[in-house]
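Handing you a structure now.
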Amino acid sequence: MNHQDLIQACKSEWVEYTEHSFVQQLALGELAHSSFLHYLKQDFLFLKQYTRAYALAIYKARTLAEMRMALPSVQALLDSEIAHHVAYCGEWGVSEAEMEAEPEAFGTVAYTRFVLDSGMSGDVIDLYAALAPCSIGYAVIGAQLLASNSTVFEGNPYANWIKMYGGEEFQEGIERSIKQLDVLLNDIELNSQRGQRLCHIFKTATRMEVAFWQQGLDDA
Amino acid sequence: MNHQDLIQACKSEWVEYTEHSFVQQLALGELAHSSFLHYLKQDFLFLKQYTRAYALAIYKARTLAEMRMALPSVQALLDSEIAHHVAYCGEWGVSEAEMEAEPEAFGTVAYTRFVLDSGMSGDVIDLYAALAPCSIGYAVIGAQLLASNSTVFEGNPYANWIKMYGGEEFQEGIERSIKQLDVLLNDIELNSQRGQRLCHIFKTATRMEVAFWQQGLDDA
Amino acid sequence: MNHQDLIQACKSEWVEYTEHSFVQQLALGELAHSSFLHYLKQDFLFLKQYTRAYALAIYKARTLAEMRMALPSVQALLDSEIAHHVAYCGEWGVSEAEMEAEPEAFGTVAYTRFVLDSGMSGDVIDLYAALAPCSIGYAVIGAQLLASNSTVFEGNPYANWIKMYGGEEFQEGIERSIKQLDVLLNDIELNSQRGQRLCHIFKTATRMEVAFWQQGLDDA
Amino acid sequence: MNHQDLIQACKSEWVEYTEHSFVQQLALGELAHSSFLHYLKQDFLFLKQYTRAYALAIYKARTLAEMRMALPSVQALLDSEIAHHVAYCGEWGVSEAEMEAEPEAFGTVAYTRFVLDSGMSGDVIDLYAALAPCSIGYAVIGAQLLASNSTVFEGNPYANWIKMYGGEEFQEGIERSIKQLDVLLNDIELNSQRGQRLCHIFKTATRMEVAFWQQGLDDA
């Protein structure tokens, strides 16, 4: 099996996630500032757990090659991505101290702890299956918004967000991740118990991503 | 420190949880059937993860005494409590197969995986601190509703639920758990880093319990 | 694949373990008392970690059926087996307090922590593969010694040990475990990466069992 | 408490480890080549597990600062240290493929899996306590051998090993680690249950390091 099988196994949830109202409002520049600020703060808390998940992937690796596969993510997150996020949030008037003090909303808890527990209770492939909706999904959303005629760039305060996730650097990074995921999945039959379990993990993680978008609209 | 310090550290969240609208509607017999059915199904999924958490407590135990402290919960859950829940749900027309097929709602995922991850990333005391809002909270809710003048018993389809959690057997079981928790906490200063972290775990878990009640009202 | 494939993949290590000099001296009643006492004390320390490993199997279970599969082992260990071991050691003049104070020897650490780490870093099947050399091996050893013409029963201070592990109750318990293991392995191809990794885990665990016997001869 | 308390709590084991016969023969240039080669191969296998342990420390971290504290070790191991080790082994005629194929000896398994399990079952401080005998011990050994009048440098095939671990770069790295460990330990009373448990972990890990040296003399 490969990553496409994971997506095919939860088509409606995948659409609900990648075409979520939060994303569409963002593309039109119509998303409430308070919703975006809520999202930015939760995303900071998310990134800390996300880093833990990639570190878990090194712990769970079975070969040096697998360890080296997860290291760049941990490194990038701790060395630059979190700092970039903090800088970007600073432009929106949100300080790191403010984000540290923010309580984790339940959608943030639900997605991140589901990933961590799936990875801990299963093996390294279960972990990557739980991480995949985030990496693949953001790449799909970024590419769709960047290519779409209806996306507004001029005067859209969220234009930089779209350009970042739609941009070459992010897209190429995810392409590499997808290739590595496909190598891990290659040995597994879609219709085996194992294959079906991976689909279930991917689907549940995708549903939790929907809750993450939704809380940006509801709680803000 | 002891369990009262944990509750004191999140007073408003604790009230929000133990006096949640879901609980008050249930006490008056005014909760929508669909909300209660939603809750019953999610509670079945919850109990599976809860069992995993008590098994984790055995894995994390540092002495035979600590292992034996967690065993009765695992045993009761797997030998009788889950079966009782299934039987009770059967009376409401919900079959085990139906509950197995039900997707876990995000509040269920958020609370259970938070407990499991707190326990896995911390030590056995962190785990018990994350479990405590569930056990202590249900005992508090059961006792409050049973004692309250405003609780309706006649004609209330949820009266058995109240009698069960307010009843002697459940209350005594939780009293024993609380004593054991207090022994574990006894060595720890409330104002140490350790003590503050335990308060933070307890508070976050309490917030996730609020999300669990709320989803019964929102999603049903 | 099934459990026989695991054994076939490490034939010489398997023989080294199940026909170890410690075992043969024990069958002839020629094992030094100090060696047996060393073994008894380490086995007490071993059983605590072994209990943790079966609790881990409940945490790692993916279904209620899998949780219920591991529970009897945890229950038996904490409710009776450890107490029996303590009573048996008492007959040999070794108290529980003495065993608690005994430092874990490296062979004990090596086997038990290898099992726990294999289970934690892999999934529940990896865990059972690491546990299997112990359960299957003791059944094989018990049956072989009980059936062998060269085993000495009269005047052999270790005769009860042989009768216990060769006896019906222990043998039937392990038969049930083996059937459950074979169900878990059934979905997996011996020659897949997964299958080969399970063989590697089983082999390493078998080698650690050899170290466990050997330390009884060397350290006593 | 601080790291000195850990060492004081197992003085005789600490001396047994840091002044082990393997080390003394190495200092005199009298260690059998086969013993050193055995050590080199096992050390390669050790480094892979050691990397997993530092990745676990990131997973277990409670703050961004703690994550960043563990990252340099993971990074150095995967980016350069393992490669240096492979290169150094190459000079001794041992290839990476040969080391990959080498079975892990029980001393290697005992130390590494003890560290991983202590860290997983406890919290991040338990993990660092289990890692400390390795980092502090190698620094102590390196410094002692470099300073000692009896150490032979000329014609000693192991002189580079001594210069590396006794050298400034390694010593300074460990000094930083020790400072970080002391910060983590600062909040803990030596005579509390917690403090005593940390001493027990450090002592057991030190004993496993002794087994690691010993196997180089016995198995080679």
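A, B, C and D label the chains in the order they appear, each numbered from 1.
Here is the rule we use: a contact is a pair of C-beta atoms (placed from the backbone, for glycine too) under 8 Å apart; a residue touches a chain by one contact, two chains touch by 3 or more.
Everything numeric here is computed off the predicted structure, so don't read it as measured data.
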| item | value |
| --- | --- |
| Centroid comparison with chain C (C-alpha atoms), farthest chain | A |
| C-D against B-D, pair bridged by the larger set of C-beta contacts | C-D |
| Distance from the mean Cα position of chain D to that of chain A, given in whole angstrom | 37 |
| Mean-CA-position distance for chain D and chain B (Å) | 43 |
| Chain C-chain D separation of Cα centroids, rounded to whole Å | 30 |
| Residues of chain A whose C-beta touches two or more other chains | 52, 59, 120-121 |
| List of chain A residues in touch with chain D within their complex | 48, 51-52, 55-56, 58-59, 61, 64, 67-68, 71, 74-75, 78-79, 82 |
| Chain C-facing residues of chain A, complex | 59-60, 62, 120-124, 126, 187, 192-194, 197 |
| Complex contact set, residues of chain C against chain D | 52, 103-104, 106-107, 109-110, 113-114, 116-117, 120-121, 204, 207-208, 211 |
